[in-house]
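Here the chain labels run A, B and C in written order, and each chain numbers its own residues starting at 1.
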Amino acid sequence: MGLGLKWYHFALWIGFIIFMLLMPEMVSKGTLRTIIFANFLAIFAISWDILSGRTGYISFGHPFLIGIGAYTTAILTKRFDVGVEYAIPLAIAMTMIGGTIMFLPALRIKGSYFALVSLAFMELMYQLVQVIRPDLTGGTRGMSGLVTLTRGAVNGYYLSFTIMIIVALSMWLLMRTRLGTALSAIALNEESVKGSGLSPTKLKLFAFMTSAFVAGLGGAFYVHYLGSIAPRALFDINFVFTIIVATLIGGASTIVGPMFGAFFLTFLLEYLRPYLPGAERYLIYGVIALLLYMYQPKGLYQIMINQFNRFKKDEDDG
Amino acid sequence: MVKPLSIKNLVKNFGGLTATDDISFDLEEGQSTGLIGPNGAGKTTIFSQIMGEYRQTSGIIELYGSDISKLSTPARIRLGISRTYQVPRPFSDFSVLENIRVGLMPDSIWKMITQGPNREREIELALSVGFSEDDLQQTPDTLSMGDLRKLEMARTMATNPKIMLLDEVFAGLTVGEINQIAKLIQNMRKENMTFLIVSHDLKALEPLVDDAIAINYGKIIAQGAFSEVISDSAVRTSYLGTE
Amino acid sequence: MLEILIQGLLLSGLYALIAVGFTLIFSVGRVLNLAYGSYIMIAGYVYFYFSQLLGLPPIVGLLLAGILGSCMGLLKYNLIVKPLKGDHIPVEISTLILAVILQSAIILYFGNSAKILLPIFQGVIHIGNATVTYNVLAATLVSWLILIVLFVFIRKTHVGRAMQAVSMDSKGASISGVNINKINMFTWGISGFLGAIAGVFFASYTQLSPSMWVAPLIIAIAIVIVGGIGSIIGTLVVAHIIGFMEIISVALISPQLRGVFTMLLVIIVLIIRPKGLFGREEL
């Protein structure tokens, strides 16, 4: 398939997986709970990366998709006593329908305009879940007492990590194929994609559906980890901000970048906690994100690649 | 004999302006035709309609006998017709090889995933338009105008066309680069490629074409053997009138 | 009926005031300033600090807020927009990040809880059976005044016409000798000032909280999108469409559906007429 895999790719992935599997032995329960959030954030960031990082269709309303997944499974399990084994796949399917709806405007508009429509989608969803059938959605207060899939931090950690790593690996491989090149080409010049005989519509639809699949998967498992859902926290511009910043800090359009970005952010916050107890942390984290984005828009991934290349060069020279 | 490309009564209006005014012509299999006319005559607009980037106001465009007016641009390209642009439009962050890779891809997501890139073919195409081995990893921002036109040719050739439409192929090139592109076109003519070539550089165009069509204000003003067309008095005045 | 008319006019006036600074940047600089909502929030707090905590006269608080807004606009232009060369998406992402930074800065200083801003102008007036506070009335009048002044300014003054030229065709304007950089600085300064003035009124209309920047930003976005790039008349008309739509849906359908129609309108207009209802590319 021409994935261009080298021995060090295998080594790095395996090393990372082993390290992460040993994590519960090394850290406290509290830290483990933090990493669980990092895992979910990584899933959402990867979903954003597939769509916005790759194709350049910036989504400012990604919680729209995540929310469809989360609400669908929450409503099905709580109100209709559907088992999670059916509810989660259905939730993912619903999210993919949502992805198709979000794709429709992308047939006509791009750039800032698309970004704003996606924001409008999120706001609309936020308003709708509070108003339409609050007996199902729980209205403004959301829902609690939902089925949880795991008990205890360790199990929660293993489940979230398993999902995250499967998503990350499969998407990383997928984006290394020619499809990844074609999707990147859309961000660079959609007209030339057409002029090369490829249908951008087909490619974009695929990107939206894949992104929605991952968002729905993450959203559904996330509610069944939390056991509750609250519209104010979900359809929140701060949540959008966190997803986008994780992706950009890590390195957009690289899949592993957003994954590490999510870990970096979560740990940065965690690390700063003893020194800066309150809102200062978000302030510092925002400033770091802004500076990094403005001066290295390709993110930590690029910085690491540059270091790696220098290291390789030193070795070749020495 | 069915014609590779046949255009009948093509009209394109932009608001009050008629950019293509009842144009009809055929291309012959394996023949090369020059499309000439002063700036703003409507040459690029004809290309855009043939490729489906602009929808014609009226008229018929037939590819090997079947009407393609309803097809999308990628669908037309799959039927074997492809164009270059007056202003090259490369993928800015991609290397030369990756640019060509996009042209080589089949329009099937499944095949994109399951089949790897055809590196030999990518390199072969890049070398055939005159890139050197060292250029293959360059990105467009480091390439000259001549290289960008070569890249555009290579990506167009990658779609495996039987008919190629070339828009202002020689604009902004050095003499050496003009010769390089001319040689490339000559080679493809030997392999029976059908060409429609727009160029302002009539001297460079002459050896590359069998026939010529001259247009002005969206209308055909002369048609036939290249030497006859350029000595036509209407053609001469149209050029003198604007340049 | 009269009640709806009056409330609609008042709300629409406030919305127009909120949107006009955003429109200016969008038409002259062609970028969306997603930190625009922060002018509104910060201005509210500045006013709160000077006029409510320190007890300065309201008009001083209002002016200080405006001046600070102006400075923020200039800083933003010089530190973010210029280094990013006005690239749309990077500017939008950076300003979004900035908005969240400013939000946490405010939380740091003033705390997370909502504060009530005393009205700038005390008292109420009865029109028919509708009760109107002087405060909201003042917001509407100020809004009208600002829009008229701006409209005249853009059409009649040298700088205004230069702004118009840049908004229509920045390359052409720069060829004919307009200093694009100066015009942009000026526009960002004015936009910050207007955003801040709008902010003080908006904050006294609702309440002061660190997350209060989102709602007015969305209103501004909605108005600009539906109105089309940078037409002041478009801004005014659409502010009224959206204002009345909200008041009518609150009064006749359900208060909770208030924002739903606005968002639907935004989505539909963007898909059907991406350039907006009044999509001329001029001020």
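Keep this in mind: a residue touches a chain if its C-beta (ideal position, glycine included) is under 8 Å from a C-beta of that chain, and two chains touch if they have at least 3 such contacts.
The structure presented is a predicted model; accordingly, all values stated were derived computationally and were not measured.
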{"item": "Inter-chain pair with the most contacting C-beta pairs", "value": "A-C"}
{"item": "Chain whose Cα mean lies nearest the overall Cα mean", "value": "A"}
{"item": "Separation of chain A from chain B, taking each centre as the mean of its C-alpha atoms, in whole Å", "value": "42"}
{"item": "Centre-to-centre distance between chain C and chain B (centres being mean Cα positions), rounded to whole Å", "value": "49"}
{"item": "Distance from chain C to chain A - Cα centre to Cα centre, in angstrom", "value": "32"}
{"item": "For chain C, residues that touch 2 or more chains besides their own", "value": "none"}
{"item": "In the complex, chain A residues that touch chain C", "value": "56, 58, 60, 104-105, 108-109, 111-113, 115-117, 119-121, 123-124, 127-128, 130-131, 237-238, 240-241, 244-245, 248, 278-280, 282-283, 286-287, 289-290, 293-294, 297"}
{"item": "Touching residues on chain C, where the partner in the complex is chain A", "value": "31-32, 80, 83-84, 88-90, 92-94, 96-101, 103-105, 107-108, 112, 211, 214, 218, 221-222, 225, 254, 256-260, 263-264, 266-267, 270-271, 274"}
{"item": "Contact set on chain A toward chain B in their complex", "value": "1-3, 174, 177-179, 181-182, 184-185, 188-189, 191-199, 202-203, 206"}
{"item": "Contacting residues of chain B [partner chain A, same complex]", "value": "51, 53, 72-74, 77-78, 82-83, 85, 89-94, 98, 101-103, 105, 107, 109, 112-117, 119, 155-156, 158-159"}
